[in-house]
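As written, the chains take the letters A, B, C and D, and residue 1 is the first residue of each chain.
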Amino acid sequence: MEKDITIKPLSEIDYLKIHGRTTGDLSPLTLFWTASGIELNAKGAELWIEVEVDYEQYEPWISIVINSTPVGRQMLTKGRYWVCIFRGMNENVIKNVHILKDVQAMNSDPSHLLQIHAVKFDGEFLPVEEKKYKIEFIGDSITSGEGAIGAKQEEDWISMWFSAIDNYAVLTANALQADYRILSQSGWGILTSWDNNPNYNIPDYYEKVCGLLTGEKNELIGAFRENDFDAWQPDIVVVNLGTNDGGAFYSPEWKDEETGKVYKQRLNNDGTFHEDDVLAFETAAVQFLNKLRQYNKNAQIIWAYGMLGTPMMPAIYRAVDQYKKNSGDQNVSIIQLPNMTEETVGARAHPGKLAHKRAAAELAEYLKQFLYK
Amino acid sequence: MEKDITIKPLSEIDYLKIHGRTTGDLSPLTLFWTASGIELNAKGAELWIEVEVDYEQYEPWISIVINSTPVGRQMLTKGRYWVCIFRGMNENVIKNVHILKDVQAMNSDPSHLLQIHAVKFDGEFLPVEEKKYKIEFIGDSITSGEGAIGAKQEEDWISMWFSAIDNYAVLTANALQADYRILSQSGWGILTSWDNNPNYNIPDYYEKVCGLLTGEKNELIGAFRENDFDAWQPDIVVVNLGTNDGGAFYSPEWKDEETGKVYKQRLNNDGTFHEDDVLAFETAAVQFLNKLRQYNKNAQIIWAYGMLGTPMMPAIYRAVDQYKKNSGDQNVSIIQLPNMTEETVGARAHPGKLAHKRAAAELAEYLKQFLYK
Amino acid sequence: MEKDITIKPLSEIDYLKIHGRTTGDLSPLTLFWTASGIELNAKGAELWIEVEVDYEQYEPWISIVINSTPVGRQMLTKGRYWVCIFRGMNENVIKNVHILKDVQAMNSDPSHLLQIHAVKFDGEFLPVEEKKYKIEFIGDSITSGEGAIGAKQEEDWISMWFSAIDNYAVLTANALQADYRILSQSGWGILTSWDNNPNYNIPDYYEKVCGLLTGEKNELIGAFRENDFDAWQPDIVVVNLGTNDGGAFYSPEWKDEETGKVYKQRLNNDGTFHEDDVLAFETAAVQFLNKLRQYNKNAQIIWAYGMLGTPMMPAIYRAVDQYKKNSGDQNVSIIQLPNMTEETVGARAHPGKLAHKRAAAELAEYLKQFLYK
Amino acid sequence: MEKDITIKPLSEIDYLKIHGRTTGDLSPLTLFWTASGIELNAKGAELWIEVEVDYEQYEPWISIVINSTPVGRQMLTKGRYWVCIFRGMNENVIKNVHILKDVQAMNSDPSHLLQIHAVKFDGEFLPVEEKKYKIEFIGDSITSGEGAIGAKQEEDWISMWFSAIDNYAVLTANALQADYRILSQSGWGILTSWDNNPNYNIPDYYEKVCGLLTGEKNELIGAFRENDFDAWQPDIVVVNLGTNDGGAFYSPEWKDEETGKVYKQRLNNDGTFHEDDVLAFETAAVQFLNKLRQYNKNAQIIWAYGMLGTPMMPAIYRAVDQYKKNSGDQNVSIIQLPNMTEETVGARAHPGKLAHKRAAAELAEYLKQFLYK
């Protein structure tokens, strides 16, 4: 069974499809973002991949999808080693193999690392289909699939509760037969994080390969390089942000220990949002739309929001109105996603598998109008 | 995070629940059957298990279930090594951890082995609930969950397509909050295997721990010891056999190379079963019912059949009639399970996840009458 | 809108499709059985039908189905009068109109009558498609759709709780695109009724148009004439009987007031069925199979049983075995229908809409093998 | 069975619950709006109601709901006559009987009339529960349930395709155990109808009992009287308008034949809405919110929109923003309802039963926060 099995560095594979925003390096390939990964059409009996894994706190997990069906999901512990993907299969049949990082880029763990060096295989690789459409999803914990796996009672913030498989973004793209990239970070927003930290906003890091990471190692492997936007221009950009900006109004202030400056999105006495603060959010949203358009000239931009409530929806509508008026650009719209319910809640009080499934059904239906025309 | 993490052999764990028929040995524990495994209530932050794995052809897989929710499923390659179950969790919270063998006992691979030696843990274990009811399932590939995972197009007979999670037996037991054991082997029947091999019948091996295995190594680790029936008396025994006995009528003869004797369940010219051969099946079925009653004095015995068609159902009814008449024992009955459809087919033309789910719904509903009285 | 609307007796309609076993008379047409009715392809704006209705206790109801979609359901009170089926529609569009009797033939109300005399219409009728297949359903209250409509709390035995629409027989036939006829009577069985009355068995009346009716009026309108079997030969006969025969074992004896003779299907002390009595059922079942074959030379005969439990299933299997052995006829088989559950129960503790839907899904799937070959 | 059955005018019934906005008159009671009707707790065996019905083009239909379960639905043709609701029931059991008008108020048919004069009954009436909450729904064809019944191919604009049963408004109220009233008219909007007619707007007629009706007869029976708002103050007002205002942008101009004035919501060359015209809509929306608040001092006002697309959503958000800023009133919010899909479309290209069910699920979930606090 294992005769003729040979090792090939990724760079020597003829037909390798890479998912997710990354540096372009293949020696090794770094998987930064949720649902980034590799896809192969493998005609052979046995396949292994060589991974290099590190972390201080938050280990990576991968899911293995064979012929579009998830068949494995496992934690990757530290080290450089071989993981068997399949063995004992008919050597004459082509298997579509897709290996996904199940965990988001980890801003808070500079050591978090998942790289693929090589494959060990006894057959040949064939071309992998390019999908007709490309969709980029930008979001927070919802888009990171936090809580999409795990029991309702789970409360720990750990890698195990993240899923790229039961994730509305991946489900939506699959339903539309589209390639996809995800940029997401739990707790982050347009203006600030859920706890009013103004540094934890997605827009500031959009241009970089994976700018929200930290640490020297990530610098060395290219996380902070400029992203090559020309190489992958999406047909649609879905922005699922605002949930943490809404939360900031209900969270304590955040103090910048260096400057002593305090940040807080304020509530009025009657429970409504302070006008100045919600305006700051709107301004940030308009700026982000401008930036998105700058880098994605022809994409439909869809703000998709509502899986964990809709307090920011009026502000999002105002921001989109403002952006359209300023820019004259009409290719921006808003869709409200179905709110999580008691039946669809997952782990960590986040949307569960069923909530993601429902959101994907609504979102895919909405996106059709922009793709199938 | 990893301070104070210590290794404990299984034999030194205070509260260890073992699922599945096994020898009683803990140094190490051998997991023979589908859905056998260990269950722990673990109060601590990080847990690993030490496995020992071997095989020539068919490797073991495990599923990891935390707080009743599947969170991981992975191939176990050869060797003796540590597998991390969780890390970074709240050390003060009790996690229910259940690790299941996803693959059946492997008659055709004498090297196939999955053992657990020890755990590495930084907390304490607490008692695991005994369920109120016990159910034993005896079956073939259906009960082994063959094809319950994987794409419809899969045709390889490999470990990857076996599932103890999306398996009607486990789903039924979970729905009824019952403990369970599974004895099953793909291709085997009551009288013969699907290809008329009379040695590949489940009844002949019922008394042993895992009698259908082969090879010296399995003898050494106790697979052929007498099973300790007193230690685990089920409330219900579900027999899901007959599918391969039916198939034998449509398969070529099997020749015993040693004796030269040829075995074949014959079809008449009009396509009906030869009377003598179907009678041989019925006789074997009656004998198996006698044997089941001998070892399970108080269990309801349920013959559950039909997920892959019902050609043997008349013979099963005759056998059960015969058994009841002979024995006076009324605690035997038959339920027809819902047939697989185009919508519910899984891998390898076997029942898929949805077929197992439907079968479990019907079977659990039927079994309630014997448990909740 | 009502200009040019003219009255036509049924006998003068060019293309009239009649559903259900009836006499052949059209002046008027009598609808005897559940789901009997008329079907028209009507190109015109407005359509009425003239009905004649009578009853002492149990009034008829009808359902109106336009273009395969139920749009109305109403009680028909006594008298001869016009019922409007539609009005104000586009006169140039063809509407498929199907009017069904929602209530079973009523053995216990000799006055129960539903006849159609004529239509009033402003357009023309076009040919109605003959379906490729024909299925006859023979049953009891389940097949009469008793309880398929109405709240769970309903206990009255009245016409309102009968449905030909949410009825597994009609749903099955529609799923298979088959024409259908239903012969059914609540409480009746193969040998006796649920309360041991040996006169209330379906087989004795099978040859007549609607032999289980009573009274002079029914004789006059032809209910007791010989049925013209040549005119409508089914591809499949579904027998859903046995439920009341099973009930008879648990019901008090029935005394024939004329002869003083007492009838009772007996239970043994251990709760099993008395051997002689269950044998009497089996004998009656074999005889009925003989009779069905006599009148339906080429039909597959399917015994479909189990929506309200399966106590008679072993006896049904024995009867079918016996029949096949005696006759050499292999075109008889058995399917177990899904048992009603707490979720699927309808009115009067009978199968509700969902139970009928599930049964139809299983039955239609099973019947496909006999039709699509 | 029919002994002692006596006629009672509605005005003499002790416990009569009236649903829907009406005049207060009982001799007879006029049912104007969709889902208006009467509810009785009837302890007796047989119940009839005396209706008076008229129309030129669009006849009324009713649905009959017994013990919360729909059991009948029928067209009511012209005349004054008795309709039997039930007969032959257990005289000692209380039946909850709810009779609903299935068809909207008919602006275009001044003759359209449904009145109830009296009941004929052999038992006694008992008190009918007041629900804890009250919800008013204001809408267009969607809220009239147009197309919620009937085949997809139906295109006629006739009464038959209207449903108060499979209507999201009724389903929502039932899910929340709330009493409800519906005010709706197909084709109408906030500012104009779908075809730019500025007279066909709901807000102008809100204060009257049923102000959008026409003709002397309707004046005589009180349709144009001031509504008694004090008598029924809702907890929630749901406004489902805007769909036809959106359509007006894509429809030809409407010319007032008397004044010669032409009305048209204009599209810009790039397909966007003309700023002045969409502003006119927003102004009308703000005015309507003001009017709603004037008459419903304590109600939550919910704008629910999206079942047939969301082109007006930005304008609705701007209008609600504007209203809240002007008034300081925070008790207004917006929910986007799930868009109809190919799977959920009903008759006349309108939301079908399944679309209404989904919308009701989302809306009920959203409304809970305002009721259960």
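Everything below uses one rule, namely that contacts are C-beta pairs under 8 Å (C-beta built on N, C-alpha and C of every residue); 3 or more make two chains touch, one makes a residue touch a chain.
Heads up on the chains, UniProt names are A, B, C, D = Lysophospholipase L1-like esterase.
Predicted, not measured: the structure shown is a model, and the values here were computed from it.
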{"item": "Most distant chain from chain D, judged by the mean position of its C-alpha atoms", "value": "B"}
{"item": "Copies chain B and chain A - interface residue numbers shared by over half, same or different", "value": "same"}
{"item": "Averaged-CA centre spacing for the pair chain C and chain A, given as whole angstrom", "value": "57"}
{"item": "Length of the line joining the C-alpha centres of chain A and chain B, rounded to whole Å", "value": "39"}
{"item": "Whole-Å separation of chain centres (CA-atom averages), chain A against chain D", "value": "44"}
{"item": "For chain D, residues that touch 2 or more chains besides their own", "value": "none"}
{"item": "Those chain pairs that satisfy the touch definition", "value": "A-B, A-D, B-C, C-D"}
{"item": "Chain A partner contacts - residues on chain B that touch it in the complex", "value": "1, 57-59, 61, 66-69, 71-75, 77, 84, 86-90, 93, 149-151, 153-156, 158-160, 347"}
{"item": "Chain D residues within the chain A interface of the complex", "value": "270-272, 306, 310, 313-314, 317-318, 320-321, 330, 334-336, 338-339, 341, 362, 365-366"}
